[in-house]
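Letters A, B, C, D and E name the chains as they come in the text, with residue numbers starting at 1 for each one.
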Amino acid sequence: MVNPVLLIAVPLGLAFSLPIFGLISKRLEKYLPVIAMLFNLSLSVYLVPRVLTHPIIVYIGGWAPPFGIDLFVGPVGIFFSVIIALVGLLVSIYAMDYIKEGDTGKYHVLFLLLLTGAQGVVLTGDIFNLFVFYEILCISSYALVGYLRDRDGLESAIKYLVQGSIGTGLVLTGIAFIYGLYGTLNMADIARQINSIKPAANFITLALIITGLGVEAAIFPMNAWLPDAHSSAPSSISAILSGIAIEIGVYAIARVIFTIFGATDILSFVALVGIITLLVGEMSALKQNNIKRMLAYSSTGQIGLIVFAFAIATSYGIEAGLFQILNHSLSKALLFLAAGYMIYRTGSMEISSFEGMGKRMPLTSLGFTIGAFSLIGLPPFAGFASKFLIVKAALTKGGGLYTCLIALALVATVIEGAYFFRVVQVLYFRGSNENVTRQEAPVVALVPFFVLAVLIIAIGIYPGPVMHVLNSATSEFVHRIAYIQGVLR
Amino acid sequence: MSLEMLLVIAFGGAFLTYLLGKLSPVLRDILAVLLTLVILAIVALFYGRTGESSFMNFLGFNLSLRINTLSWLFAIAVATLGSLSTIFSLSYMKGKERLDFYYLMMLIVNASMLGIVFSGDLISFYVFWEIMSWGTFLLISYNRGPALAAGLKYIVMSIVGSTAYLLGMFSLYASYSTFNIADIASRISTASPGYLLSVLVLFSITFGIKNALVPLHTWLPDAHSEAPSPFSAVLSGILIKMGTYGFVISMYVLVGIKALSHLGHGILSFHFMLAILAAVTILVPTFIALMQDDAKRVLAWSSIAQVGYIILGIAIGTSLGFAGGMFHFLNHASFKALLFMAIGAVEYRTGTRDLNSLGGIIKKMPFTFMMTLIGALGLIGFPLTNGFVSKWLIYKTLILGKDPFLAFVALFGTWGTILYAYKILHNIFMGQLPEEYKGVEEAPFSMKFPMVILSIIIILFGILPGIPLKVINVIGVSLGFKSLAVNIWGIASDTGALNTINIFSAILVSWIVVWLIFKAAPTSLRVEQDNNYAAGSYVPTGRYLYTANFYAPVYRIIKPYVIDVVDIFYMALAGAVRTLCDWTRRMYTGELGSYVMYIMLFLAVLITMRLGFNIW
Amino acid sequence: MDKLVGLLKGIFKDTDGESLGKNRLRVTAPRGSVLAVLDYLKASGFYQLKSISCVDWMDENEFELVYHVASMESPLHLMVKTRIARDNATFPTAIPIFKNAGIFEREIHELFGVEFEGNPDLAPLFLENWKEIPPFRKDFNMREYVKETYDSIPSFEEYQWQKEN
Amino acid sequence: MKLAEFIISPILAFIIGIFLMGLSRRIMARIHRRYGPPLMQPVIDLVKLFSQRTVSHGPIFDIGVILSLAGTIALILFIPFGGMCPLEASGGLLVILYIMLFAPLGLALSGGEGANPNISIGISRKFILSLGYEVPFILIVLAVMTYYHTISAVDVVKAQSSFHWALFSLPLFLPGLAYILIIPAMLGIRPFDLASAPQEISSGPMAEYGGKYLALAEIEHAFSIFITIALFVDMFLGGSGNVVYFFLKVLVVFIIGLLINAVFPRFRTEQAVKFLWKWPSVMALAGLVIVLAI
Amino acid sequence: MDRNNLIKWLKEPKKMGNKYSLWAVYFSTACGVIEVPPVLTSRWDAERFGIIPVATPRQANLFLITGYVTTKTLKAIIRTYEQMAEPKYTIGFGSCPINGGMYWDSYNTIKHLDKYIPVDGWIAGCMPRPEAIFIGVTKLWGMIDKGLATGYIRYRENYDYYRGNQEKLFGSMEWPPLYTLKEGTNDG
């Protein structure tokens, strides 16, 4: 059957062959990412039913795990690769018409590299391999943030670069410690020997890796780069960044904590950090009137919610976290893409300049509203199911700490509701209401809106199949020993 | 015809009207009215059916729809008001823009209310509750300008309410691991009073906000006066009553009477505190309503007061009180919707609803005057209208239940109601007709028809209260109250019976006697409005209208006591939250040094937590 | 009293004062300087304008306007007189100096026909639907007017008698 | 016999009412040291008013007056009066409390149609005054009802039979006094006649009333005098079995009330409401508290 | 004073009612107004005969014109007279309303009041004392008895005459005519 390595190989290969195609005809460049993502999506969807029962393990170069690098394609991995492929495909279709000026060739190369990095992090079973792909992901996103070459674009790119590199540096030292202590880089192998060393040393490495990954995953103190990066990057990039890049960061932290270290006792602190991230993110988004900064802050907030969900450590918690990741990536991508064309039409990022967009760009504003309602968690949309699961997980876990944390989370969702509803009002109910000419976004942009909106509503109303995938995904995280035996058989 | 079919028709029909609207507006209007009438017919056919059927599996829990007489009563009220307000909005909204969106939202809100009433478990209740909330938000902010602030205030408060509901729902799930109302009700008797109290408090926050009990009422006056009139008729007629439905479900179905009665003892018991809250809700808004100058604001404040009566009736917990509360819910739906429609008709014709500048409209719109009169009489609780019977029940149980102070507050609230009800009647319809309203003509038919039906309901239930009381008695018995001796003309009981037919016949006979005397005397000469006593001088037309600032002396007395303190507090709270948010945003200073310092700080905290306090 | 007259003469050359008995002083001033005199008097304590009256000297074809001024401190009743031409007589208003002069001027306007420029409203005060010349003028024939407006109407009995035949 | 009561009690009430009005004008005159009109002066006035032909301002102008008188007549059927109470089994004191609403509302509606500012001011004053005296009145009625633990007027009367009248029983003494204080306010006579003040607002709501309208208003006033005092007698003086005793009690109470109002000047609106909310309410509240305490 | 004569009450209640409950409208024109309060209060007590002052003309049926009538007051008098209920009687005090009295040649006073509104009775005396007023009232009773106090019918039947005079004096009247002008008898 098809080797999952192709998921990484194809985008990598296309990324490097893109300049050659560029020479043949400039126009061909923008179709390549679409082809790559189309292939990835079909392959991962094809792999999903196989992977659910028993994961596929691929040995690169033929050597057995403790020595060679292996790819562990479990339900979690395939779930993430489906999301990456889907969002990547839609953003690349969107980018076909959105990215016109500047060196488009370079944009598409970096875009493909970013996606390969993401795929790699998700599928790899080896911790150093995870770091390498993580590095590819970060570097390509630094470059893409500064793509517009305007003053604050470059400034935020540099800030992102500095913080990102400090983060990756910390991760590298952590991995070096691990290699020093256990002599192996394979996750399963480390997990097997983890409690043979006294816990203090273990903890130092865990702290380093979490802080390092935390920068990319935008957890509370380390997410200072995100608002600047997102507001100055082109909308398609900020959609990818908050749609995929941050989720990969959280996946990496979850993988490290759950499978490798199995350190469930740190989770109550992580839950606290998650809630603080949520509160700070939402509260700082309330007073914004620049649409992209507001969406960026709301991304940090949502990440806090996901981290809190994972930190509930029960199977309900992880299931809720994964569902929230799905919901957040879909709706946040939809919001950023829609905002992109609104900014393009009005020329300014101020929310007050979007008055009467309901009439000028009806479909785009409809998409924006669906994304906003889903993030707030109103019933017919996906957000409701994920909020439902998170509250269920928190309350069934019980305990005073979690009930008051979930209460704080709900307060944060109220604040989020407040500012999203204000934006919806600006779109529909403000501005002159005599009939304005309809300057709708181009068809190429409308396709992703339509697909995302349909997905959000479908998952919201009938979350059955998604839950099926998530159940097996959570079992992979929860049953650490099964993972180890699976790999080291 | 099962419940799922009804809901599918309701929601599907709404989207169908929206699509149809794109083709031809006339077709859309017809379909909207037809849809609501079909729903009304179906609900009417459901009378007497009870049963529960699960219709969908959501995240592992199967959602079920349930119907019994309680939900049927609420459903019939929702359906009737829905259809009447749609008919009313046919002509009221003619010529306004974005009507497809308006009809879509009206039908969605109507359908979601049906969903709430028929939902058998807490999740579907919550789902329809949220759909109703954001549907109402979009409708309130329909006509722009100040309506946006009102809509935002409404949605923020209702989200706070639904989060409280979410917490309550899951705490129930945590201890009974099921969401089905019937299962929870059967298992809850074993729970400890403290736990029951916490669940009830959470639920009463949610339903209190929707029901506009005093501390949580500030969204209602803005929302009602800014929403388009047909919708504010639905909003105050039936949408508030969803809160009442919630109270009944949480107090009497979930917790049950036995458990409720020994929740705390004597004065501190839950339902007595709720009764006190309801009493305050009756008194304070009534006197604020007295001081308003905008007709719809007066009605909005009066809605809060009247809902206080309903909650007072339900909270007392005796069979009479429950019957009184439920009957008052029906009455309030009928006369408040009628009053909003009548004010809407006047606004439609004269373009303004400011009480100080209107006057003498009776000469141009006599029919609307009759409707407002009947509605106002119902609001006051005039002996021949249905409002009287329900208030009589509430007073009787209060007096015999040995807490006359609540009775005093309720009765005194009625007198406040008389004052502001008459203020509306007098300032709009009586007095001199100013110049600019000479060209006003009567309301169109599609406005008259719903008003006539509502006034018939008011008078019919007023004279023959037995019809609704029989249904309410069945509900009372099903909830565990003892049955009342209900017959067609009222309540027959040892400590004082009510016989509305005697009252009606007494008044009718004396009316005929007086009318004969009146006819016997020489007929009088019909004169125009300018042939008026003005101390010998001729009446200067247009400047002889004196209905401004109608109850000035009372304002001076009660003004210091009746400032809406709660609203000021909420606004200050919102301001504080905004400044707090601004301060948190300042954390992102913008220069790189501090960002890097944050990362290192996090690492340091992580390690010191581990080594220093050895938490793990 | 004489001291006051002396003072006035000093400032306004063309005025002369004359005592008309105990506590009554008449000051005559030409048309142009009357308002200035009034202003000066007001400043020196006479701040109450008791009334304005008008005398019709028909044979000299002049009106005489008399401003009666008084003050709380001194019992003096001071009159400032001036003469203005009779036919279409006009005179500047005294409202800027004494606010209550409006009503007096309105009355004089209605009964004598003196036009006061600057007076906001000179509407009819006492008379209803008046067509003839202002009634207080000497050349107004009162009896002729009464005979013409009131007595010419047939009494009810004559009306009935006329109706029968 | 029951059917006869329906006819007798309103007629008797009318006669007593008219007699009391005539008596009040005569006593008032005697207080002013003048002869005063004959006792039958109100009847003469009514005959004159019914013979006059006057103006009407529209249908509601007529219906309002008819409504107010019809309501007052209907009210009499609910009040136990000297042993006969035609409609005692349908609602009791609560219904009485509510049907008392007919008169002011009917007058207000017809006055409103009269489109005269004096009327508007009169109506608003009348309602403010009613707001004023309702506070003590409701407290009094509640005290009585809670004390006798019933809401039907006839039970209240039965409970006071054989001379232990409520006025002299400990808890209900203060509400009784409060009731006497608010009788002038409920009738709208001298100290509280600010609603129909002839000098200030040319007799308020009655400004546009001519012949037959004024006649109906006078009759309604006569009935309301009787009702207010009959209610007091029923609740506090044990409303006795036969009509003559009942009439004597009514007469005594009326004369006391008359003496008070003959010598007082008219209150201003705020003064009236402040007074009503101060003394009578405190007394009624004290009565209610005592009733609850026992 | 046949007030207690029951047969007369039954035979002609309308006349008796009007006779013994004359409600005087509280509107007095000129110097005679000083005589009305002693009539109504304790010293002479008109209430013995059923005469009480009422606030508005709608309620009144007796109109006392006390003293000279200027043109401006006439407008108010006509307005009040027209607003009174139908069987209405007017009594003029003193000589001024009859023929102008001492103001016979004044440009501003009305000389013959009964050219503008019908006057039923006159009481002589330059402001008659209360006893004279009472004598006048008893005279009015006699006239009502004999059916002579028909000023209001005269006003109604010859409305064009009265209205004509009024319009001749005031130019154009502010309010529309009370009765339709062609021999106005819209008596219901």
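Going forward, a residue touches a chain if its C-beta (ideal position, glycine included) is under 8 Å from a C-beta of that chain, and two chains touch if they have at least 3 such contacts.
Predicted, not measured: the structure shown is a model, and the values here were computed from it.
**Q** Which contact partners do chain A and chain B have in common?
**A** Both-contact set = empty.
**Q** Taking contact as defined at the start, I'd like the list of chains shared as neighbours by chain B and chain E.
**A** D
**Q** Can you identify the chain nearest the overall CA centroid, using each chain's own CA centroid?
**A** Taking the mean of C-alpha atoms per chain, the most central one is B.
**Q** Which interface, named by its two chains, has the most contact pairs?
**A** Max contact pairs: B-D.
**Q** Using the average of all C-alpha atoms in each chain as its centre, how far is it in Å between chain A and chain E?
**A** 99
**Q** Per the centroid of Cα atoms for each chain, what is the distance between chain C and chain D, given in Å?
**A** 60
**Q** How many angstrom lie between the CA centroids of chain C and chain E, rounded to a whole number?
**A** 38
**Q** For chain A and chain D, what's the span in angstrom between their mean Cα positions?
**A** Centres of chain A and chain D (C-alpha means) sit 79 Å apart.
**Q** Residues of chain B that contact two or more other chains, please.
**A** 522-525, 531, 533, 535
**Q** Show the residues in chain C shared as contacts by 2 or more other chains, in ascending order.
**A** Within chain C, no residue contacts more than one other chain.
**Q** Which residues belonging to chain D are in contact with no fewer than two other chains?
**A** Those would be 50-55, 202, 207-208, 210-211.
**Q** Quick one: which chain pairs are touching?
**A** Every touching chain pair, ordered by label, is A-B, B-D, B-E, C-E, D-E.
**Q** Chain A touches which residues of chain B in the complex?
**A** 57-60, 97-98, 123, 126-128, 130-131, 134, 137-138, 141-142, 144, 147-148, 151-152, 155-156, 159-160, 163, 166-167, 170-171, 173-174, 577-578, 580-582, 584-585, 587-588, 590, 592, 594-596, 598-599, 601-603, 606-607, 609-611, 615-616
**Q** Would you tell me which residues of chain D are touching chain B in their complex?
**A** My answer: residues 6, 10, 50-60, 62, 65-67, 69-71, 73-74, 77-78, 87, 89-92, 94-95, 97-99, 101-102, 105, 108-109, 112-118, 120-121, 123-125, 127-128, 130-131, 134-135, 138-139, 142-143, 145-146, 149-152, 155, 202, 207-208, 210-213, 215-216, 269-270, 273-274, 288, 292.
**Q** State the interface residues of chain A toward chain B in the complex, per the touch definition above.
**A** 158-159, 162-163, 166-167, 170, 199-200, 203-204, 207-208, 210-211, 214-215, 219-222, 224-225, 227-228, 263, 265-266, 269, 279-280, 283-284, 286-288, 297, 373, 376, 378-380, 384-385, 387-389, 391-392, 394-396, 398, 403, 406-407, 410-411, 413-415, 417-418, 421-422, 425, 428-430, 433, 463-464, 467
**Q** Across the complex, what residues on chain E touch chain B?
**A** 27, 56-58, 75-77, 79-80, 83, 86, 174-175, 186, 188
**Q** In their complex, what parts of chain B are in touch with chain D?
**A** 360, 362-363, 366, 369, 373, 380-383, 388, 392, 395-396, 399-400, 402, 404-405, 407-408, 411-412, 415-416, 418-419, 422, 425-426, 429-433, 490, 495-500, 502-503, 506-507, 509-511, 513-515, 517-518, 520-527, 529, 531-535, 544-547, 550-554, 556-557
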